[in-house]
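What follows is a group of structures, each given as structure tokens.
Shared between the two complexes below is subunit A, which has subunit B as its partner in the first and subunit C in the second.
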Partner chain A sequence: MLAEVGFIATLLAFAAALYAIVTAFAGTRTHNDALIASARNATIVAFPLLLVACAMIVIGLLTQQYQMVYIWSVSDPQTPTFFRITALWGSQAGSILFWSFLMSFFSMAVVIINWRGQRRLMPYVIMYTMAVLAFFLALSLFFENPFERYWILQNSEVVKSVFQPAGAVPPSSIRLAETANGLNPLLRHFGMIIHPPMLYLGFVGFIIPFAFAMAALASGDLSNAWIRASRRWTLAAWLFLSLGLILGGRWAYDVLGWGGYWGWDPVENAAFLPWLVGTAFLHSVMIQEKRGMLKVWNMFLVNGAFSAVIFGTFATRSGLVDSVHSFARSEIGFPLFFFWLAVTLVSVGLVIWRWRRGELRDEHKFAGLLSRESLFVLNNVIFILLFAVIFWGSFGAPIVSELFMNTNITLGRDYFLAVTPPLFLILYILMGVAPLSAWGVMSLKRLGRALAIPAVLAVVATALMALFTPMTVGVALGYWVVWTAGMVAVYETYRGVVARHKGLGEGWYKAFTSLFARNRRRYGGYVIHLGIAIIGIGVIGSTVFQQETQQTLAVGQSLRIGDYQVQYDNFLDGQIADDGRVMQIAQVSVWRNGQLLANLRPRHDFYPNAKGMNSQTIAGAYSTIENDVYVLLVGWERIGASEATFKVYVNPLINLVWWGGLILIAGTLVATWGAPLPAAKTVPAEQPSVKGAIA
Partner chain B sequence: MKRLIMMGIGALAVLVLAFALTGIAAAQGDPKKVSDDAVNAVARKLYCPVCENIPLDVCGTTACAQWREEIRLQLAEGATDQQVIDDFVKRFGDRVVGTPQDPTLRALSLAIPLGISALSLIAAILVFMSWRGELVRGKKVQPVASPSAPATIDSYRARIERDLAARR
Partner chain C sequence: MSEIAWEKAAVAESPVSKPAANIRTKFMIVGFVILAAVAALVISGTVSGARFFITINELVGSDKYVGQVVRVTGAVDGQTIKYDEKNLIIEFTVAHVGNDGGDLALALHNAVKDPNAARMNVRVEGQVKPDLLQHEAQAILTGKLDENGVFHATELLLKCPSRFEEAKPENAIGKIG
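Take a look at the complex of A and B:
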């Protein structure tokens, strides 16, 4: 019953999406408002339908309906309730349906929120959002159907089908429960509740600015209306994607057991690429709003961000490249590839068409090399270069070498650490300088004066760090640049507060809150910059100064790493958890200068029922703002465990990465929230009686 | 006499053989003396040949543990880090290293992104210089009329307001 209801709900949502496309198109061509309103209603109705479809999967997971192939493949009787729910996005078929569900939510929200303000663009927005939704629902219906069930035919052959074939019977539920796969151990982590949904929200969120841009190109309304309408959607998508990336880093740090948070894995990079293009767009779109410039470039960026999303999805789910994330391989590679190609070609074609017609001409020319718009353009160049070198390392080189050189290469950490740091350094320089520049014209002298105090503060901060941690000139320079970017954000905010305090006589708190309330975008942006500067300090510290050792210890023995001593105290062998996993737990203590700091329990989990990847290493970590002592249990003597091997990392300043991430999120919320929505472009109708009275 | 000579040669041969065997054993060294850190320093530069993009030093599979032991043996036998890496590349191909060892592939991998970066930066500099040239020449920039230009919108709104006022 669950399978039938879920399948029919998905089918109806697919039909609603197709109906919305056709009626929106017809309504636009014939100027028929009723048809357009009908398209809007169809767009809205897709959401509850997909809510029902997803609910059927979740109910099936909770009630252990193992006859459903998807549920059999991602859960087993030992799976805790919590992970039964997150298993909705634990594998290919479920995650595609979940993706469609989130997309339908965005589509519904945009037609509700922007309907009155953007009447001219909305039919086109409906067409593009529903076209994308229809494509993903088609994947669910025809390639990766999460509602398929196992059936045994009369000739004992086992087949998968949503509906019961003639004469077929369902397999024994006891046998199905016994053989169920269980969730991939790597996905049994708290971060799984929120990391994939955030990433998916970020991905699907970019469909809204893309749809508005395409609507502007298709309708010919090339004013800034599409930018005003999509600005908050872009920020929301960027916020979710940022959150997804940060949580993904934390998940990798906790679960993958290699002492780091970013492995330059192709699939990690696939999620990072749209973030880079989206960030470039968020900056360059300000130039179009303020100066009416870079119209063509902005179109390319917003379309590029969505194209990168689809490419990332294709790369993740097609098995295009080897990756630790490639649990979700399937036959959808080709459809996704052709969809990506079509999206990219159509959007680029539309931009070029409008461009050649002269409808995307800039309204101003650049007035100075140090002007804010020039620095933003340079910032865009660097973002796109980062995109290019990361794309090349993740996909370009492996594909080119395999296709044309008959060999298979991997570009890993060495490559990325060689090519990306100079570009990131330039970005941090621009992050410090650009906010101090002015629109239009800016002199070097004025810019230098504005930069002087933050730069001096950054020198002091870097010198203080060098006092505690000896460093090379290059590292000190890197720290100084990043500190300067952060200090500019703090100092500019401070100047604004002081100006209000002195000029308007406001108290400090009132001056601070009023400053943010009056210009959320600007000061929210400063908070984001501060967050990124703090992340930068954490990244430099944890990359350059990371210490690592691996040693085998007998019970009672200890190893030394940096200022720390890690002692092997005891071993708990074969502990059985509620979910059936077998845990080998080492008990270790961390000491510094003869003082006990913490007792840690690094462990190794083994999942007896899981197929394929069936174990994972969970680190024990002692965290402070200064650093993390991160202990992994690598091996142990099978009998008695009188000796065990530990890998220990000291990761300086790594927690700043997470704290900086939180500040970034807070800044994005400040920049996104609270500002009034674009006013509806309508005028109240005059009352006949009043008119008559005037007459 | 002949017998004595033969016995002397035989003893010498035994001695030479004993020294040779001792020498080989000494040259091979004790794998236990190669620290885990030394093994990981090499393994970190390699990727698991059969897993998916996982560095060899952190890969948890049995196969990877055996490959790490192989690195330990090779280091104990006196191989340098680079020799161990070259051996793995020879056996499993360039996909086991983070940057290819083959000079052509390495050049292709690194030169292309560096070339793209250099060209893009040169292009950006040229564009900036052309803008500067326009400024220096004092070329007057005419704003392009557009629906988004505030002045245009204002005048349009004013006209609508006038028309509406006229109709009242």
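Take a look at the complex of A and C:
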């Protein structure tokens, strides 16, 4: 019953998407408003249909319908309720349907919110978003069907099918429950539970600005309407993507037990690539809005964001990465590739067509090397270069060597650690300098004067850090650059508040809040910059100054690492948790200068029912802003555990990475929400009065 | 919009108009310097970071790769895993994974079962035994093969195919009743 309903709902959503494409197209051709309205309704109806489809899987998971192949493979009778729900995106078939579900939510929200404001663009937005949705639904219907069930034919062959084949019977429910797979233990972590949906929301969200851009090209409305309409969607997508990346890092840190959060693994990089293009786009689109420049570049960037999203989905979903061989292996690889190719060809064709008709001509010329627009272009160049070098290291080198050199070359962490830091450093320099420069022309002297105070503050901050932790000149320089970028954000906000306080006589709090209220994008942007700077300081600290040691301790003994002492106190053997896992827990205390700081419980979990991976090492960590003491239980005497072996890391400043992430999120919310509606009625961007408003 | 002038003196005091060609040259120079620097970084990074990804057959079949840092992939034989947790030494054997027509889990399963598949002993020092190191996992190893045929891995990556078809649902479920 569940499987049939879910399958039919998915099929109907697929039909609705196709219908929307056709009617939107016909409606614009014939100028028939009724047809376009019908396309809109079809777009909206896809969402409830997919809600039903996903609900069927969730109900199946909760009521343990193991006859459904997907449910059999991601859950078992011991799986806790919470993880049953999240198992919806625990594996391939479910997560593709879930992807479509989120996509349908975004496309519904777009047609509802932007319908009145952007009537001319809407039919094309519908065509593009529904084409993407229809494609992903086709993947669910024809390649990775989450509604398939096990059936036993009369000749006792087991087959997978949504509907009951003639004469077939369902397998015994007891045997199904006994053999069900259970969720991979690694995925039982809050970070892993929210991480995929956030990432998908980010991926899906970037389809919206892409659809608006293509709608502008197709409809010929090449004003800034598409940018205004899609701006918040872009910011929302960027927010989710950032959140997804941060949560992914947190998950790796908590669960993978190597004391780090970013391993330059190709799958991680595949999720980072859309973020890089998206961030470049967020910046360069402001230049178009304010100065009417970079129109063609923005079109290519938004195309690039779309490609990176499809590629990211593909790379994280298809197992491309171990070896390029998997490209052919994965069932969804080729359909995805051809879909991407088709959409990209159409889109690039549209850009070139409008370009050659002279409709994407810039309204201003570049006036000086230090002008804000030039620095933004430089920022874009660096983002795209970062994209290129990371893509090359993760995917380019393996693919090229395979195709042309008849060998397979991969690049490890060393490559990324050598190539990316200089580029990140340039980005931080630009982050410090660009907000201080002006549109048009800017002199070096003026820029230097504006930069002086933040730069001096950064020197003080770096010197303070060097007092506590001796460091090389290179590291100090890195800290200084990142600090300067952060200080610029803080100092500019401070200057704005002081100016309001003095100029308008507002109280400090009022001055602060109305400063943000008046120009959310600019000051929200500063908050984001501050967050990124704090993340940067955390990354430098935890990468350069990480300490590690491992030792076997008898009960009562302790080991030293840095200023800390870690003492092995006791062992709790074979504790059984609610979900049936068996836990071995070491009780450990962390001391510094003779003072007890914390009692930790690093442990080792064993899942007796899980197939495949069945054990997990959970670190105990004592966290302060200054340091994380991260303790792993790596071994113990089987009887009595009078001795146990620990691996201990001290990770300085690592918490700044998470705190910086929270600040970044807060800044994005400020920039996204509650801003005055992007009204077409206000002054057009070319008007001199808005020149000061950076965005 | 109500942007207030004192928030940012946005327009520079003296908008000097320079010839466009001059600006263009400057942009070209800056762009060229950046591109050249990044290209140099990428090339040196690629040369020093490149690891040949080869199969176990290729590695054990000749002494071509002895002493050279390579990456190799193989299927872990669970019965051979030895872990000295005090000194953090992991030892195990991996088998050559053949072509399998699409199913990684099945390929790993067959590789470990096949008595004729090329095998190689692996030694990893100073690392905690990863949770994923288990029977029929795919190991991706970076390191060097020594003269005695032992592979000293400095990096150990493990993948358990998430669709574990090896569990053979057909066999498990097939019996009616």
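By our rule, the second predicted complex is superposed on the first by the 667 of 695 C-alpha atoms of A that agree within 3 Å, B and C clash if a C-alpha of one lies under 4 Å from a C-alpha of the other, contacts with A are read in each partner's own complex, and residues count from 1 in each chain.
In this text, a residue touches a chain if its C-beta (ideal position, glycine included) is under 8 Å from a C-beta of that chain, and two chains touch if they have at least 3 such contacts.
Given the structure is predicted, the values throughout are model-derived calculations rather than measurements.
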Subunit B and subunit C placed together on subunit A: clash or fit? clash
Taking the superposition as given, does A:615 touch the first partner, subunit B, the second, subunit C, both, or neither?
-> both
Note to self: Contacts for A:423 in the overlay, against subunit B (first) and subunit C (second): which applies, first, second, both or neither?
What the structure shows: both
- After lining up the shared chain so the two structures overlap, which partner does A:364 touch, if you call subunit B first and subunit C second: first, second, both or neither? first
Query = Should A:415 be classified as contacting the first partner (subunit B), the second (subunit C), both, or neither?
reply = both
**Asked** Of the two partner chains, subunit B (first) and subunit C (second), which one does A:601 touch, if any: first, second, both, or neither?
**Response** neither
Chosen between subunit B and subunit C, the partner touching more subunit A residues is C
Look at A:384 in the shared chain and tell me whether it touches subunit B only, subunit C only, both, or neither; answer first, second, both or neither. first
| task | Applying the touch criterion given at the start, work out whether A:393 contacts subunit B, subunit C, both or neither, answering first, second, both or neither. | result | both
Which partner does A:549 contact after superposing on A: first (subunit B), second (subunit C), both, neither? first
Looking at the overlay, what does A:119 touch: subunit B (first), subunit C (second), both, or neither? neither
Both partners, subunit B and subunit C, contact subunit A at residues 257, 322-323, 326, 365-369, 374, 378, 381, 385, 389, 392-393, 397, 407-412, 414-415, 418-419, 423, 550, 552, 615-617, 635, 645, 647, 691, 694
Within the complex, subunit A is touched by subunit C residues 1-18, 20, 23, 26-27, 30-31, 34-35, 37-38, 41-42, 44-46, 48-54, 71, 73, 83, 85-86, 88, 102, 104, 126, 128-129, 131-132, 134, 137-138, 140, 142, 155, 159-164, 167, 169-170, 172-177
Counting only contacts in the complex, subunit A reaches subunit B at residues 221-225, 256-259, 263, 265-266, 292, 321-324, 326, 361-369, 374, 377-378, 381, 384-385, 388-389, 392-393, 396-397, 400-401, 405, 407-415, 418-419, 423, 548-552, 615-617, 635, 645, 647, 691, 694
In the complex, subunit A touches subunit C at residues 69, 72-73, 91-92, 150, 152, 156-158, 169, 171-172, 175-176, 178-179, 181, 184-186, 257, 319, 322-323, 326, 329, 365-369, 374, 378, 381-382, 385, 389, 392-393, 397-398, 407-412, 414-416, 418-419, 422-423, 438-443, 446, 496, 499, 503, 518-519, 550, 552, 611-617, 632, 634-636, 645, 647, 682-683, 689-694
Subunit B contacts subunit A in the complex at 35-37, 40, 45, 47, 51-55, 57-58, 60, 65, 93-100, 102, 105, 108-110, 112-114, 116-117, 120-121, 124, 128, 131-132, 134-135, 141, 143-144, 146-149, 168
